[in-house]
Every structure is written in C-alpha cells, then in structure tokens.
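These are the structures in question, set out in turn.
Look at the two complexes coming up: subunit A is in both, with subunit B in one and subunit C in the other.
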Partner chain A sequence: MRALFPRLGVAVLIGLVAFAVFGPLINLVIWAFAEQWFFPNRLPSQWGFMFWERVFRPRAGAWEALGNSVGIALATVVFSMALAIPAGYALARLVLPFRHLIMLVFLLPQAFPSLPIFVNIAAMFYGLGLNGTYFGVILVHSLPGLVYAVWIATAAFAATDIAMEEAARNLGASPLRTFRDITLPQAAPGLMAASIFVFLDSIDEFTGTFFVGTPDITTLPILMFNAAMGGNYQIAAITALILLIPSVGFMLIIERFLKSDVLARIGR
Partner chain B sequence: MQSTSLTLDNVTVRMGQNTILDSISLSVPQGSFTCLLGPSGCGKTTLLRAIAGFAPLESGDMAIDAVSIAALPPEKRQTAMVFQSYALWPHMSVAENLAYPLKLRGIDRASRARKVARILDLLDLAEFGARSVASLSGGQRQRIALGRALVIDPPILLLDEPLSNLDAAIRRNLRSELRQLQRQLGITTIMVTHDQEEALSMADTIVLMRSGKIAQVAAPEALYAAPVDIDAARFMGVENFITTDSGEMGVASDAACFGFRSMSASICLHPLAGHLNRKAVVIDSAYAGDSYQVLVKSDGELFSARSSTPQLAGAQVILCVPADALIPFGADKNCLIPTDYRTPGRTLS
Partner chain C sequence: MSLSNASRVSRSPLQNASHTKWYSVALVAPALAAIVFLFAVPLIRSVVTAFIDADGGWTLENISRAVEFYGRDVVFTIVIAVLSLAVIAAISIAIAGYLTLGSTPWAVAALRWLYRWPLFIPFIVAGQTARSFLARNGLMNSMLMEAGLLEPVAAQSFLDWRGLVMTFAWKQVPFVTLLLAGAMASLDRATIESARNLGANRLRCLFEIVLPQVRPTLFVGLILSLVTIMSVLSVPMMIIAGTPNMMTTMMAHRVTYYGDYAVANALGLFSYLLTALVAWFYLRSTLEKEAGK
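Right after this comes the complex of A and B.
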C-alpha cells in the first residue's frame, strides 16, 4: 500500500504533463474536423472535412502559403548555412580575438524583445525597398536562424579532430580538399541538425514575416493568424496541424543527428 | 622505394613568446631510424610537426636531399606522418582510408585497389579492407595508420609516439614489427617517443632533447653508457649519483661524481676489489621480482641497489658498484667519457 502512493503520484504527474502537452493538441484536432460547434455543446454537433476542402481550395491561398513557407524556409536554410559554415569553422578553428564576443553578437537578436527589432527592421527595409519581397522575408528569418546555425556549426566543427585534417594535409590534400573530404563529412550531422533548426524556426516564424512580408507574402503562420482573427477556428486549426508535420518529422531526425559530443561543445 | 636524407639547419620555432625549438641542427642519414627522445614539453613533437609542415619556422632551414622544404605547405612535403591518435577517418572504410592518399595523387581505381591490397597484405590485415575503422582494435588501427602513411611510398616516415596508446604486450610486438618493416623498406624514419626503452630498442640514432634544444645525438649504446651530462643520465635511468674524493678505492679519476644504475649496484658484507665500496645502512628493502630493491643511506645520501636476498632495515652493509658501471661526471656536471665511446657488451640488460 505504501509503495502504491508514490507510484500513484507519478502516474498523476505524468497524466497532468500529458494533458498540458496534448490537451491543446486534441482541441486543435477537434476544431479541425468540426463543422458546427456552438456554445453550450461540449463537442461539435457536426463533424466533417468541409473546412479542409475550403482550406485547400485553390482560391483560399493555403497552397500558396504552404509553398511560400517551405520555399522561404529552404532559402533561409541555404542562406544561413552559407554564412554559418565558414563562420563556424573560423570560430572553431582559428585563433580569433574577441571570439566569445563574436559568438555573443549572434545571440543578441534573441536577447532583445523581437517586436521592436522587427518594427525597426521593417522601417529599414522600407527604405531599401525590401518590404514585401521574398529576399526581405528570408533575411528576417535568417536573423534568428543564424543563432542556431552559427552556434551549432561552431560546435560541430570543434568536435571534429584536428589531427584528421592534418593527416589529410600530410598525405597530400590541399586545404580546400581537406575541408571537403574530411571536415565536412565529419561535421555533417551537426550541420544537418543546425539546418533543421533553422528550417523549423523559419517555418514557424510570424512576427518578422508579419512586419516585412504582409500583405504581399503570406506564409502559413500569417494565414493561421488571419483565420484566427477572423473567427475561423477551423481554418486556423487545420493550418496549425499542417505546420505540425515538418516540426514533428524533423524533431525525430534531429534526435538522431545531434550527437552528445557535438552538444557538449555548443557555446564553447 | 626511394629513400632520402633530411637536414635541419638552425631550426627555430616560436609560439607566442615561447621558444619551442631553439636552433636545432640535425642530419638524418638516408634509410636510418632516428628517435627523438625527451621528457614531455621538450619540443620533440613540435620538431616532428615542423618537419611535416605543421609548425612554421621562425628561422632556419630544412631540406630533403638538399632541396629546401621550409617554405612548402604540408601537402607538398611528401613526408608521411603517423599521428599519436592515428587520425583515421571514421567516415571511410579501412580500404578507403588507405586509398585516399592515392586518390589525391590521381592514381586510377585499379592501381589503387592493387596497392591497397598489397599494403593490407604487408600489415597482415588482408581481410579487413571493407571493415569500418571503428570496429578495429587499437593495434589494428595503429597498423592501418602506418599503412596509410606507407601507401604513398614516402621518402620520409614520421612517427609521433605511435605505440603510446597500446598496452604493453602489443607494444612490444609492434615495436619489433615496426623496426623490421622499416629495415625491409629501407625508409628514412623519425620517431618521437618519451619512452627510453622504446628508443633504445628501435633506433639507429637517438636524439636526446631538452627544453627545445638537442642535448645529445648518439647511438643507443653510447647514449646508455655515456649520457652527456647528469640531467641526461637521470633521464636515461641513472638514479644514483655519488660524490668521491680523488683516488678513492682504486677508481682513479678526476671525476667530481659518479652516476650508476641501481641494477648494477649490489649489497655486500665485505668490500670487493675493483668496486667502489661504501659503508651504508639499509633503510628499506622491497621485492622487485627477480631480486630485492634496497634503499640504503650512506653519509646522509640515499642510494638504491639490488640484492638477491632481503635486507633488514638498519643493517650495516657495504654498497658495492663495479668500476665499469660507474659513469664519471666532472664538476660542470658533464660526462667525462668521450662522446664516441662505446663499451662493447654493455648493452641493455
């Protein structure tokens, strides 16, 4: 009997955590398939796929928003990694003055409240004519993306053994060849994880897109926001479920790619 | 396999404010096996890395067959190095590791496969080609690392403590295996080690290094019998130093002190002729396998010696050291035996 109480306590705790995590998700799923749901009812009075049809109707813009979201996320990954790979290698390998300061600078966008930052960026982009352009949105998404990209890439490169690079140089490989044949394959899992983080961050991004992209560029989060503001909870719920697919999928992949030896070096 | 000589001329390497190598001049003859020996931090690994091109020279020059390589990047030097950590590439199989240097040289697939098979054969690892590097034992990794260096027929082979990560039994085996392979291929080899026994058993020439400088260059027998000074002697396992009055006990010499190894000193009850004899008191006696290691005190100084029987602490004994086991040192701490001296028959016991 005595042993039962702690066990019961643990079970209740797990149940509460599960409720906190899955409760809203279940609500989301219910909303996605509710055709009629009025106030006193605990559950929708009518179920169906009506709103799915409506969301994926060509005129509704969901397909376009999905295309925008994925395209922008991929471009953000390419842009961020193109900067993060050389930066991460330099931060991991070269003796740089103020190395920690440079690492900290990449964290700054995360340290300040994002709203004033994006409002200011929007004001700057107006002057540069970047508002409402894909490039502008990609730049805005790269701002938080670079934090993950640079920090994880630095850790990934720091985790590769310098002696392996030296062995390649010693046996006749040029520095570039060494980087391509030895360093990159060694760092690939970490870089992959960094790319996925950037992708997930971009596909979820709302504030920056809202200030820089709308009304010309609509991504899924923007669509969801508009739908929710307009009281279309079904459409908001369906959009949210679509957004969930890449997040969950990549989370499973990240778990495989981020090895402990890379994680241990993040921020060093 | 062509083989080559290496000359170092006043090589100086600095890192920040520290001088790691201070005017090192050395000539490594073709086909020889040279050991860089010294305590950690003496610059021996830096010297090897400087030869491979990983430590830029502050001044001085180095040349392979009289052609300077000092300005060449590592990939142009044609030196093949075996790293202490082996530095095998884990994303390639054993055969791919061995083939990569050949690939870099633009050798076609068929000849690559042939050479890799020949090296695997040479190393007795013929069936390991498709295995992953992670599945190999330490000794096998060491041999693959050696094979990867040898596959390009390098003019010079550089070994950075290649055996230090292995356990004692494998190390002894690989020691003679490595030496045989080097003789067989006739490849000029430079090996870094901090293990004096390893250096003595493998090298043609030992370069004893100390705080960035060369202390002594000698054949193993000469280094063992006549270390250049007291510090070198200590590093070569000479534990005891005894000061003498001139002409004491027939050991005629103008030495200020003598060094001797514990294993050549014995504990006696009576003074022996042709020996340096000292009255001593036994402090401690410990069993050391084939004999007893005895610690004695004489004139306030401690000495260690061997004895075939255990000695009681406090016993009055005589410490006897045969005259030919004494290494004389002058007042300036330098060895008084000429450097080209060799004692026949006095090799590693």
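Right after this comes the complex of A and C.
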C-alpha cells in the first residue's frame, strides 16, 4: 500500500508531461479537420476534409509554397555543403594558421541574436537587387546552414582514419582518388547528417525569408504565418502539419547518421 | 569548384607539411568569405547604423528615440527572457535529474521518449500550436473544465505574456534537458551511489552532488536559449497582438512600417548588449572559479 501512492504519483506526472508535450499538437490536428468550431464547444461541431481541399486547390498557393520551400532547402544544402566540405576538411586535417579563431568565427552567428543580422542583410540585399529573389533567400538560409555544416563536417573529417588515406597514397592512388574513395565514404554519414540539419533549418526558416523574400517568394512557413495572422486556423493548422513531416521524419532517422564518434568531436 | 579543391586536399597532410598553409587557407576561404558577407558585414552595419543620423553624421538620437518609443518593450523583453529562462532551468533540471536518478525504469524510459519531441518542431509551428492550445476555447482550458478544475465562465485566454513564456519554455526545455542529461550521464556514478548509500535522498543528491558538477552545461544551454528567445520573430508576433511586445517584433515593425533602419538597429544594439551581458557574467564566474582552483 505504501508503494502504491508514489507509483500513482509518478504515473500522473508522466501523464501530465505527455499532455504538455502532445496536447498542443493534438489541438493542431483537431483544427486541421475541424469544419466548424465555436466557443464554448469543446470539440468541433463538424469534421471533415473541406479545408484540405481548399489548401491543395491548384491556385491556393500551397503547392507553390511547398515547391519553393523544398527547392530553396535543396539549393541551400548544395551551397552550404560545397563551402563546408573543403572548409571542414582543412579545419579537421590540415595545418591552419589561427585555426581556433576560424572555428570561433564559424560559431559566432549562433551567439548573436539573429534578427538584427537578418534586417541588415535585407537592407544590403536591397541595394544589390537580391531582395525577392530565390538566390537572395538561399543566401540568407545559408547563414545558419553554414554554421551547422562547417561544424559537423569538421567533426566528420576528424573522425576519419588517416592511416587508410596514407596507405592508399602509398599504393599509388591519386590525391583525388584517395579523397573520393577513402576519405569521403568514411565521412559520408556525418556529411549526410550535416545536410539533413541544413535542409531542416532551411525548410523551417521564417525570419530571414520574412525580410528578404516576401512578398515575392512564399515558402511554407510564410504561408502558414499569413494564414494564422489572417485568422484562418484550419489552413494554418494544415500547413503546420505539412511542415512537421520533414522535421519529425528526418529526426527519427538522423540518429543513424550522426554517430557518437562524430558527435564527440564536434567543437574540437 | 569543390572537385579542384578536393584534388588539392588529398596531397596528404603529413608529406607536405611545409606547403600546407596556402591551400589549406584556400579551402577555408570561400566559407569564411560567406560568413563575413552574411554575418560580419551585417553585424558591423547594424551597430554603425544605430549611431548615424539621416545626414550621415554621428548621433545618439536613434538610441534615445529607441528608448523613448520602445522603452516598455525593452523592459517587457527582459522580464519575459528572465521568466522563460527560470522556467526552462527549473523544468530541465527536474527532467534531467529524474532521467539520471529516477528509480522507476518504465517512467524513466517514457520520460526519455517524451521530452524530446518539441525539439523537432519548428518555432513557427510551435507558435501556431500555442495559439490554438492556449486560446480561450483551446484544449488546455477544455481539459481543465473536463477535470472540473475550471468553470467555463472563468475560462480565459493565455495568449499574453504567460503564453509567450510557456511557448519559449515548451520549445527550449528539451534542448537544455538534452545537454543537461548528457552531462549528467557522463558523471562519475560512484560518487552518486555512495551518497545514496550514505542515506542522502534523491533530491539532496541532485542539488548537492549532481547539479554543481553540470552547472557550466546548464549555463551554456540557458545562454543559447536566451539568444534564441532574442532572435525568434514568429512566436511573439503570433501570440501577442499589440504592445508591449518583444524587441524582435518591434524591430520588424519599425522596418516594415516605417523603413526606419536606424531606430531598429538601435533596438538591435540593446539585444546584443543584453545577451553579451549575460555571456559576460557567465564567463567571469567561470574564470573566477578557474582562478580559485
């Protein structure tokens, strides 16, 4: 009997945590299928797919926003990784002057509130004619993207085996071939994890797009924000659910790519 | 471009030690240039613009106007940030502590699975979920009414400072907990076990043995959370209508409605100062501790 009460207490507490975590998400799902819901009804009085049809109607803009979001995210991954792979290799494996200072520079964007940075990027881009262009949005998404990409790529290259590389060189493999066939495959899971982080960050990015992209370029977060501010809870909820798919999906598989030996080297 | 760089890379690091420098610099240069263009230049621009008037001369006018127009919002931001960090710290310590010291295996496993979810949810989605969950007819009030804890007439919306604190905490608690639980897991179990054997209860164990050892991790997590709170635009815009609101919203408002970059940048300066101040206190306390050793 004495043991029962603490056990009950633990169960109640875990239940409360579950409600705090999933309650808001359940509320979102309810809104996505609610056709009519007025206070003080605790649940919608009419359920259905009416708003889903409205969101995905050809000219409603959801498909375009989805295409924009995915296209910009992929381009951001390509751009960030193209810069981060050579940089990560050099930082992890080569003799670099001021290495620690350079690592610090790649960390600094995370240490400053980013909103004033985005505001001034937008002001600079205005002068360069980059506001409202895909390239401008890809550049602004690459700022947080590069930070993740460089740090994870550096850790991934630091975890590769130098001896195997030297063996390949001694056996007569060209430098390019050694990098392609020996170094890159070893670093690939870490680089994949970096790409996933950059992709997710870009898909979810709101502030930079808000200043640089709008009103010409609408991504999913911008579409969701506009629907929410317009008081359209159903459309906002449906867009929000679409936004959750890549985040939750990738996070469930990312643990496979981000191995502990790479994680342990981040920041060294 | 990455291909030609790659060929330069693999001239093995050990063999050409004397020649490594120029091409290793060349490999880092493009990424570094991008960071300079996308971060350093805008950062310097934001600080300089805050002190320049319409004719290009130096002035403190923008600062005083920012204080005059947005003083209340600055105070509001500080209060929200402090409250959020306090809530984040308390809940993260509780969860990470239970994950480390908890004695009910199924509860530890359930909590470990549960707590991470909000980490994966974008801020903009968190803002929308909060808007529906914390509203007058939201699920939180419904459940409270269902449980008989709330009269329908007394139901009120939490979409004000409380909603803001709750949403920031909901998003950031998993992040700080993840760091904290990781640090706690790598502690020496022997000390904890011996304290337990000597009769210290779990709460005492947490506060007197575990927590002092992971304090640096806790502070790093809280500082990064502060930077996040000072950066997020969507959540305060979506949760609070009108003023006072967070500085982020006010900067966006100043730029989009008035095109007034000078005052917006003066506000931005305050947000840098606030985070820098907290980071400085943290660094000073760690340095003092190092010196004291």
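Just so it is clear, the second predicted complex is superposed on the first by the 257 of 268 C-alpha atoms of A that agree within 3 Å, B and C clash if a C-alpha of one lies under 4 Å from a C-alpha of the other, contacts with A are read in each partner's own complex, and residues count from 1 in each chain.
One rule holds for everything that comes next: contacts are C-beta pairs under 8 Å (C-beta built on N, C-alpha and C of every residue); 3 or more make two chains touch, one makes a residue touch a chain.
Predicted model, so just to flag it, every value in this text is computed and none were measured.
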What is the contact status of A:Met164 with respect to subunit B (first) and subunit C (second): first, second, both, or neither?
-> first
Partner touching more residues of subunit A, subunit B vs subunit C, is chain C
Partner chain(s) touched by A:Thr154 [first = subunit B, second = subunit C, both, neither] | neither
Contacts of A:Gly172 with subunit B and subunit C, given as first, second, both or neither = first
Looking at the overlay, does A:Tyr233 come into contact with subunit B only (first), subunit C only (second), both, or neither?
-> second
First (subunit B), second (subunit C), both or neither: which does A:Thr209 touch?
-> neither
Quick one: classify A:Gln186 as touching subunit B (first), subunit C (second), both or neither.
-> first
Scan A:Ile30 for contacts with subunit B and subunit C and give back first, second, both or neither.
-> second
Contact residues common to both interfaces of subunit A (with subunit B and with subunit C) | 166, 169, 174
So in the complex, which bits of subunit A are touching subunit B?
-> 161, 163-164, 166-174, 177, 181-182, 185-186
Along subunit C, where are the residues that touch subunit A in the complex?
-> 1-3, 5-15, 17, 20-21, 23-25, 27-28, 30-32, 34-35, 38-43, 45-46, 49, 95, 104, 107, 110-111, 114-115, 117-133, 136-140, 142-143, 145-146, 152, 155, 170, 224, 227, 230-234, 237-238, 248, 251-252, 255, 261, 264-265, 267-269, 271-272, 275, 279
Subunit A partner, complex, touching residues on subunit B are 52-54, 73-75, 77, 79-81, 83-85, 87-91, 100-101, 104-105, 148-149, 152
Mind pulling up the subunit A residues that touch subunit C in the complex?
-> 7, 10-11, 13-14, 17-28, 30-31, 37-43, 82-87, 89-91, 93-97, 102, 105-106, 108-124, 139-140, 142-143, 146, 150, 162, 165-166, 169, 174-176, 178-180, 183, 203-204, 206-207, 210-211, 221, 224-225, 228-229, 233, 236-237, 240, 243-244, 247-248, 251
